[in-house]
Amino acid sequence: MTELPLIGEAAAAADASGARELAGARIGVVTFPGSLDDRDAARAVRLAGGTAVSLWHADTVLADVDAVVIPGGFSYGDYLRAGAISRFAPLMSKIVDAANSDAKLPVLGICNGFQILTESHLLPGSMIKNDHLKFLCRDQVLRVENNSTMWTSDYAAGQEITIPLKNQDGQYIADEKTLDALEAEGRVAFRYVGFNPNGSRRDIAGISNAAGNVVGLMPHPEHAVETGYGPESNAGTDGLGFFTSVLNKLVGGAK
Amino acid sequence: MPRIVVDVMLKPEILDPQGKAIVGALPRLGFTSFSAVRQGKRFELTVDGEVTDAILAQAREAAETLLSNPVIEDVVNVEVVEA
Amino acid sequence: MPRIVVDVMLKPEILDPQGKAIVGALPRLGFTSFSAVRQGKRFELTVDGEVTDAILAQAREAAETLLSNPVIEDVVNVEVVEA
Amino acid sequence: MTISADAVNKKFNIDTVENAAKTPDTELPWAELGLKQNEFDEVVKVLGRRPTGAELAMYSVMWSEHCSYKSSKNHLRQFGEKVTDEMKKDMLVGIGENAGVTNLGDGWAVTFKIESHNSPSFVEPYQGAATGIGGIVRDIISMGARPVAVMDPLRFGAIDHPDTARVMHGAVAGIGGYGNSLGLPNIGGEMVFDAVYQGNPLVNALAVGVMRHEDIRLANASGKGNKVVLFGARTGGDGIGGASVLASESFDDTKPSKRPAVQVGDPFAEKVLIECCLELFKGSLVEGIQDLGAAGISCATSELASNGDGGMQVELTSVLLRDPTLTPGEILMSESQERMMAVVTPENIAAFEAVMDKWAVEYSWLGEVTDTGRLIITWDGEVIVDVDPRTVAHDGPVYDRPYARPSWQDSVQADSFTGSVQDAGRPSAPAELAAAVTELVASPNMCDKSWITKQYDRYVGGNTAMAFPDDAGVVRVDEETGLGVALATDANGRYTYLDPYHGAQLALAEAYRNVATSGAVPMAVSDCLNFGSPEDPDVMWQLAEAIRGLSDACMVLGIPVTGGNVSLYNQTGTTPIHPSPVVAVLGKLDDVARRTPSGWKEDGQAIYLLGTTAAELDGSEWSNLRGHLGGLPPKVDLAAERALGEILINASRDGMIDSAHDLSEGGLAAALVESSLRYGVGARIALEDLLERDGVDLFTALFSESQARALVAVPRSEEVRFKDMCTARGFAHLRVGVVDAAGGQLEINGVETLSLDALREAHEATLPKYFG
């Protein structure tokens, strides 16, 4: 049986392999009431070699972070619409401003985080109930359509990755004009391959903003960062690239 | 085409977590005039042609059997709306 | 106490998965008169006291900002209902 | 909206203790509240006067079967008595608290418990199942632990009965809807279809949590002057349905408003409650804590007070209400979800309130701990309850219900499957056997369960090392060391019907085996005893036998019962369900990286069958498929289970096996197919030596459900060492085949070759066929 790296060892290995300077990059992970995957996102940041900083939705200042992950979960129970209430959190307006500013704060929205980003109009379109109406948890194959964003640069264009998908309201919709524009501008970041798990328009799994600093997707890269705790295909670590991408970009940018 | 609107609400004595979340959020957005919120469902059934009494009766029956769960919900309204 | 009812529906051009499931189920239960179904949301906001114009305006604003997402939904109705 | 009970209390003409003393002859609705004459008389005797309406409410709910275990208590004692010092070694908290706590080492502790939510799940499957998850998770929080996973053993009616889809869709969606929203991975469960559960499905829920030793919290109220606080959701009229007869407690004509027939869960509120409680524990801000479940405030106040060192005084008008028309008795009985009660020292009040405010959780201070030894509850200052809390919480009635071996038991046991009408035309030709294997793995109870499990989040938390379809769920506890726990739940109602004593032991044996198969060392047991009416001597005998069997078997296996739940009156009319003792076993893995999955992967590895096979088809899934239930269940051999467990654990620890799958329902046929389908890797199997050694025919070898068996895949390099270990331990082991990665098929000598694609299609089609 293959040896599985432990969290502690993997972090040490990242350090040993010269990734130490990345530890300087501070990636904020926002917790809303009802967030679920915040600790997982923080672990992914650590495993990628960065420093995870927890951010609280009610904070009115954005702590000194170099990037932000808005994690998955059911913020405010998803009761009204997924992301609808969280969007109005004090910290969200800071994040929106920073993402749109010249500094172009990198922001990754995963699942509920993606829904919050669309509700905040940082990303176009919206999510409605899965076409089959059920919660669905599965290992999902995605194609990386755009590897020039802050969060995808460590992938090859067209690379297929497998990461978990798990949601009830994951059907991405936007009007035809918006969809055409997204395609034309290369802002479709990920597409479902083989099976469209929720009826999303044009098999879209994730998109980015025009500048490429804001990325949102429904599947969960933070659940595919450690062998033995993610999908069984490959090493189960196909999601790690999201976090190393932003860390490398940040370090590259700082140099 | 005419539509029949069916409104379904959780029974008043039943906890409505959705309404509760909304009523908590409203004041944070400056909407301070509402003391309670309940969230229900609205169905619009399209009828091809005229809404006869028989069709309206069907809608009422569908409302009670399929569109609502009588254990926890009430059908509060069934009405015809002309398009 | 008076309530303000807010009705929100998915925009007509968006396929509604819940409505689709219902329209598929209706004929199996013998309800054959409906050619389409759409499911939306109904909110009941309770007002303590009288519904002034200002309060109604607040409800309209809440409907447009919080209770609906204008990218995919329309507020189809805001009205006062006396209890 | 703040509804102060104070504002409306004037409309109740409250029945005070003073009033009760003055009006001894007032008629009280004790019968409507479910008390028997002797029980009511006992209440009067304990109090030395008639109870007030509020006191009557408390005694009636706390002395109910559900809260007092009055029919089972005398039998359940065996779980506490049949324990050796060795078994107690790792038990940090035993039976009696909200959930037992087991020491995992390195300063870690684990707590787990299984409970039922059967009848609510029949009335309203979604909400019933959802609130079942909610309730068990609160038990875990109240021990001071962070909940880390859930499981859901389910039993529904016949798969093709028109009502089964309603229950299936609702319950599965409810378990997912609640558990997924809490961020708790679902790591396993069961799904059994049987017509006996048609009018009475079983929805059991298990939760497991972990904590550091110093974080263990108990439900007791100590320290005079410490404050009592209720927090979380508001109190509504939930779960007091028929008890509205209590309106008479107010001796008032104003009719109470309608009370909910069903409780709706609010998983978001519970998720916030989890985080907020963990923050309280981290800051050591609570002295004692108790979740509110059945019997609500009655239970929380009386248990906290009686487990503490003094008494308690609370003012009921301080309770935040969702429904302002609730009477004091109803408030005491309300089972509204997502609430907790805690005891806080005066110094910590401000810090406690800061945590509540941070998470926007509502709370209200109800009163304080006293040194009077009494539980005093006031309503706007007037005393409406004045009791010794022990008499409410612990001194309820206990019954020695009559029981006797049912008159039909002998004839059922005499009716063996072998040679029965249903056994006619037993498959034997290669094509028939292939068809039989396919039929078995497509059958309702043996088919693929992913229709269910794909509605559950298995990834959240990032610590799930195994879940469906492996034998046990495995969660990592410590990210640094890889320390983790494995859990499995099992029950076989058919075996237990045939022989309750051994049937219960078989449930334990299977759960134990599943845990050991994953490589974990079994440590502790929790059980949910689902039975019919204890007033039926036949059922009472089943219950008594099952408890005796289970407690005896725990002794032999050396693992203690740390908690559980009894669910009685599971029947339709006078027809009880099969006795269904669902047993959960928890095990420990020093490093979850060493866990063993249930399927083979590597071409050429040797496949060994551990254990021996006898002709044991009574009660089997095969006999079920043929519509037969009779005879005696497979023989229990706990020494063999223990030996098998040790082999599987050592083999995992020393890297001698790459895959292991235990044999249970469906026998070897099911295990071979499941191990092949796990990773889509086939095998070539030859059973001639087995037939010869054990003296059985091929059909029996494939379908018998003999216990203490497992199938393992051994790397070539480890074969000698593995065989030596089995030999040294004197455990039967036989090489029955090799892994065949290229063929895409399962080849069994004497059985027509089965393609994995066809097997998978048959295995996976069943649930979607019935449930969409």
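Letters A, B, C and D name the chains as they come in the text, with residue numbers starting at 1 for each one.
Simple rule for what comes next: a residue touches a chain if its C-beta (ideal position, glycine included) is under 8 Å from a C-beta of that chain, and two chains touch if they have at least 3 such contacts.
Nothing here was measured: the structure is a model prediction, and the numbers come from that model.
Report which interface contains more C-beta contacts, comparing B-D against A-B.
If we tally the contacting C-beta pairs, B-D comes out ahead.
Let me have the rounded angstrom distance from the C-alpha centre of chain A over to the C-alpha centre of chain D, please.
36
Cα centroid separation between chain B and chain C, in whole Å?
Roughly 8 Å separates the two chain centres.
Do you know which chain C residues sit against two or more other chains?
Where chain C meets two or more other chains at a single residue, that happens at 46, 66-67.
Mark out which residues of chain D touch at least two other chains, giving numbers and ranges.
Correct list: 1, 266-269, 360.
What residues in chain A touch two or more of the other chains?
76-77, 79-80, 85, 88
According to the definition of touch, which chains form touching pairs?
Here the touching chain pairs work out to A-B, A-C, A-D, B-C, B-D.
So in the complex, the part of chain A that touches chain D is made up of which residues?
1, 3-4, 6-8, 33-34, 36-37, 39-40, 43, 58, 73-74, 76-79, 134-138, 164, 166, 168, 220, 222-223, 225-226, 228-230, 232
With touch defined as at the start, can you tell me which chain B residues reach chain C in the complex?
Listed in rising order, the residues are 1, 4, 7-9, 19, 22, 25-26, 29, 31, 33-48, 54-55, 58-59, 61-62, 65-67.
Across the complex, what residues on chain C touch chain A?
The contact residues of chain C facing chain A are 10, 13-14, 16-18, 21, 66-67, 69, 71-72.
Would you mind writing out the residues of chain A in touch with chain C in their complex?
It comes out as residues 80-81, 84-85, 88, 118-119, 121, 124-126, 128-133, 171, 173-175, 199.
Provide the residue numbers of chain B that touch chain A in the complex, in ascending order.
Touching chain A: residues 17-18, 21-22, 25, 28-29, 39 of chain B.
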